[in-house]
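Next come two complexes built around subunit A: one with subunit B, the other with subunit C.
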Partner chain A sequence: MALTGLEIYKQLPKKNCGECGVPTCLAFAMALAAGKAALDTCPYVTDAARENLESASAPPIKAIKFGNGSVMGDETVMYRHDKTFYHETTIIIQVSDALTDDEVSAKLAEINGLEFDRVGLHYSVEGVAVVNESGDAARFAKVAAAVAAGTEKSLLLISNNPEALKAAVAPLAARKPLIGEANADNYEAVVNIGKENSVPVILKADGLDALSDLVEKAVALGYKEFVLDPGTKGTAQQLADLTQLRRLSIKKKFRTFGYPVIVFTNHENPLDEIMEASVYVCKYASAIVLKTSAKAHLLPLMALKQNLYTDPQKPIQVEEKLYAIGEVTEDSPLYITTNFSLTYYSVEGEVESTKIPSYIIPVNTEGTSVLTAYAAGKYEPELIWETMQKLGVPDILKHKNVIIPGYVAVVTAKLKEISGWNVIVGPRESSGIVAFAKTLK
Partner chain B sequence: MLIFGERINGMYTDIGDALKAKDPKPLQFWATKQEEGGAHYLDLNSGPAIPKEERAEAYQWMVNVVQEVSELPLLLDSTNYDAIEAGLKLCKRQAIINSVDATPEKMERVFKMAADYNAGVVGLTMDKKGIPLDNDLRVAFAMELVAAADEYGLPMEDLYIDPLILPVNVAQEHALQVLEALRKIKQLADPAPRTVLGLTNVSQKSPTSICNLLNRTYLAMAIGAGLDAAIMNANDDDLVDVAATTQILLGRSIYADSYLKVFRAR
Partner chain C sequence: MSVAIVKERFSGKIGEVILGATSEQGGTRTSTVTIGGDAALPFLHFEGKVNRPVIAMEVNDIPPTWNETLTKQYGDVFNSPGAWAKQCVDDFGADLIYLKLTGADPDGENRSPEDCARVVKEVLAAVGVPLIVVGCGDSTKDNEVIAAVAEAATGENLLIGVAEQETYKTYAAAAMVHKHTLIAQSPLDINICKQLNILINEMGLPLNKIVIDPLIAGLGFGIEYAYSIMERARLGALGNDKMLAMPMFCSVGYEANRTKESNSSADENPQWGDLDDRAVLWESLTASGLMQVGASIIMMRNPAAVKVVKKNIDELMSV
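This part shows the complex of A and B:
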């Protein structure tokens, strides 16, 4: 990201001495912005200014990695339609060390069981947070060890007691847990634990002013692996704070807030809690720590997250397979379309309303529509026949009739020739399918 | 893309006569007509019709009579800053001071005034020595204006930099330099300052039969290079159509078949 002339000018000494070979600081700033001069030719530029200028060209939000492949931050836009959101929100379920050993292992078993397969995709929860609610350092370390032994997931260790954190982190450092929380009172000790173990640290303060103070103090300790926690509060205020954090780091290059954000849910009722978490998934939280671990609560949240982090520039595709609409038999008609989801679902909706049980094959055209695919040579008769054979259609159906989209009627002869099937040209628009289906005997 | 309607200017006889006779009708006629054409702001310029000592009062009168019939915000177009200041006191919506060049004493006066009255500023990329040919010099003046705006706390969105287009029949080489300057000015700060042109200048004294074509073509080129606003003929429907169409082709407005109508209705 190139710096603007004004940003550079503000960091210069404004002496207009001309020693850099350019008459004024303003003109020098412009030469720097245009890449026609080097900052080193100014003898009066301060170290702070140099660092500001260097860091201004870094990405607006730092990427923080922890645990088992969890990546947070490294985002560049406020709205996904401007480009895309890159790193999915890390979903973490909390386990209190005030639970009994049996309760801890039951909770852990439930968390490990949060695996979902839906529409060809697999979702699972990324992390487990061990929270020091017992107030007992030894108990915290013991539960942390038990959780670490019971799951492969990324770990989060939460205590405001540096001694407890230290004891729990040391044996688990290789798992690279995210630790916290560092607050205004304990930040020195907690940040140092993070530094010694090379693990990222959560900085927590209530409100943005306090958070910005804390980040500046923590950075001064010579460490930069941070995740920000703007405190637990009502959803409306949290939404406002999350928006400010993202906006300031991206739009204003406010380095102090250039870190990913973690939030802890506030609601006790799990249904409310999931609604709350849904807001945070949509609005910039890089990680969310939840209390509920019920499957029914997590599935909609995981689906929302997956949906939101889909790249909007890439066409959405459906899986290439034989779809059965209704109570199909070996006599049911077979429709061919493409795997572009808009195309497929238009066809599916119409086929469904014919009330005739039918098969549909969305041929893999890399997510392009019928005409786009045809124009790009991705909808050739050979490919259609190959796909029909691959999906075992000749064994499943008793008849040998296949219906193709009206816009690609031109492939009829060739498809007939290579397959030996009877090729029926359907209507051009899927809206014609209902009327067309009545003409099928 | 903002259209600054240029027609209420004492250089036109009907407006010059109206100013002398204190007849509000021609001003109000053009205020309404330009708004209907698609203008987002109205430029007010007394021209030389009014003697210097009466300018302040004339600007107050212009602001008042125009605001009687139009809700559009105004550009106060004069080199007489006392007259502009008198007018600013009466503006109901955020006005724009048109204009200041990059001379330090003028910038001090105008940016201070803009801060006091929460007004925008049109800044010209020139100083006492006149209009530079080279785009780099234009941009250097633009940077002076950007730095001054920053110093006086004027938001970049309220600074309109005018890289000064000249008539193509006598100063043909400037047209390309201005396009280059527009591109570079948008890189000076983040958020970027806005840009504006006195568009009609490009076709001054060219035959009437090609003036409109020159204006339209240059408007499309300039918007492509980063132009945000133009002081222009808001009643040249084809020209306004060009402005509307650029917004669609640059993805700034969402396409609809009726986008020409939508652009004017905003």
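This part shows the complex of A and C:
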């Protein structure tokens, strides 16, 4: 059961030194109670107090790190509008050791190629899972070594045979793979392999009751680096289980389930598989292991997780400057938009498609779209002209024509009057830019 | 050890809205569609009643300017709204038809309100499912179009729209007089959403004749804003805020298909992979994200995506 701020305060040194970054011990205690601070930042807490406070000070879901910078867990809310989600769902693609060597290297090449650029962001798939489907320990170790040699991505090694795992993990311990799975039958051996190699371990059981039993037994072995797998099942029941795991850890501070959750998809058909995975991206999986590795399948899923893990309190903005698209000259057209990144990149994408080298200025509207900015008085003609001057546009361009978004056609006359420029009203939606550009001389 | 699961106790629920009317009810539909009535967060059956989201496929009164990745999945139907609607229902399993009267656009074909009403009648005659009917997007013209359509389809209990803050009066009056249900649209703003519902309700349209359109954004282009607004609205409704407790309509097909990701070929963007599957998933995942926060009516365009989404709904509804 979680402690209140006052209960925590009683255990603190009460020096009010401020070294933790919070001015008083009482304020620090309140922050601990809310899960917004870590006890480690207090240099003077006694060991006895530390032990008493551990359950209250630890985050409700432990952060588990593995491989090449992958972090799972450490979430604090049920809904992103309550604060934010912190660590994007880790996407891992599986490779079976039952494939031939050629098939393994082809699959790995495809996985390594999963790098995407869109709207100024870069997405990469984080990990590769080697799965011991051959049942052969030597084959598993060989494929694991080959995959490790062929990618820098985080590794996941999956076998329910402890001997096979042990042989595969030992030479790769420096890569800090995530290993699994420990189940009711083999957990002692598998958890010990994790412990010996200092790598995190997946605990797998079907259903919450069995999972809770397994976690308690595994913790009793003196290890805490765990990731939970509630078993593969139908989408509705999986959603219910994932919701319960998150609720129990966040709302009830149920320590047994205070670990990140990994899910293996059920579907074989790639479209259905991605659709299934999208449910778990929304609702509470920290990592998802997929079979498909086609670009067209991964890009939409990567976009969804990136979108949902953006901080709702910070609109994503682009820098207010003069952007040159293509080989611009002093005769190139000039478009004005806003610095809300989605607006800017929609416009940029379309301007690029016109194949006419052009300039774009995203006016600083504090990260709001055209209509919102105009409604809030952040898109006035004076501001637009001021920005154009500040960026030196009158010296850079030979012409005096500026294209404004169709939604703010009403500023045309005023902008013309104060700037002396010819104001051209562009389309309302960026999707109209290509057709619009054809009408430009 | 058995784990005690956490059930939220909600005092409110989503209002139930019925679309369409059979002959006994004064219309000509062979069946009606019921949305809303949910007493839980989306698809959490252990918590309370969950109603099935429905799919409304888009039909236009004039041939669409859609990408070939969509059009090649349809037969030779784009010159006949009735045949187009029939294919959506018979072949693709649409629960509803979303008829957008694009041809009314004064900058386009500028069709008359009477022509528009005739197309609505044609589609009503071709299919037995309920209809959603919206204008072309030009607010002045749409006022006339919707009045004519509402009258021509009196008693059919169409879902008509879209009523916004500035224009809701005509729509609400048309819905009341001719016995239809109304889409009330607010621009991703929970306060405007509530206020508009209150204003429409004060005119005399009952709350169970209103559907919320939160004006969503597509995957990759701000879906997270819609996601959070809708999740807050759902929680508000379950917390017994009656002015937020209407089922939600999401124009998924429109938003998903105007993105570059749903239109740019693999030749143009090799890094993004095959266009056909990418476009299917762009629309499917836009739907998926919004269904997880309470979408009741999913408007769609891509038949292959409809198949993926329906299968997902089947799974999420089976316990």
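Convention: the second predicted complex is superposed on the first by the 274 of 441 C-alpha atoms of A that agree within 3 Å, B and C clash if a C-alpha of one lies under 4 Å from a C-alpha of the other, contacts with A are read in each partner's own complex, and residues count from 1 in each chain.
Keep this in mind: a residue touches a chain if its C-beta (ideal position, glycine included) is under 8 Å from a C-beta of that chain, and two chains touch if they have at least 3 such contacts.
Being a predicted model, the structure only gives us computed values, none of them experimental.
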Which of subunit B and subunit C A:244 touches, first, second, both or neither: second
First, second, both or neither for A:81, with subunit B first and subunit C second: second
Which of subunit B and subunit C A:27 touches, first, second, both or neither: first
Which superposed partner A:4 touches (first subunit B, second subunit C, both, neither): first
A:105 touches, of subunit B and subunit C: first, second, both or neither? neither
Dominant toucher of subunit A (residue count), subunit B or subunit C: C
Partner chain in contact with A:118 - subunit B first, subunit C second, else both or neither: second
Overlap of subunit C and subunit B interfaces on subunit A (superposed complexes): none
Footprint of subunit C on subunit A - complex, ascending: 79-81, 115-119, 208-209, 212-213, 216, 234-237, 239-240, 243-244, 247-248, 251-252, 254, 270-272, 274-276, 278-279, 282-283, 294-301, 303-304, 307-308, 310, 312, 342, 346, 349-350, 353, 371, 429, 431
Contact footprint of subunit A on subunit B as seen in their complex: 139-140, 143-144, 146-147, 150, 187-190, 192
Residue numbers on subunit A that touch subunit B, as the complex places them: 2, 4-7, 9-10, 26-27, 29-30, 33
Subunit C residues touching subunit A - in the complex, by the definition given at the top: 1-3, 5-6, 41, 43-46, 187, 217, 219-224, 227-228, 231-232, 235, 258, 260-261, 266, 271-278, 280-282, 284-285, 288-289, 292-293, 304, 308-309, 311-312, 315-319
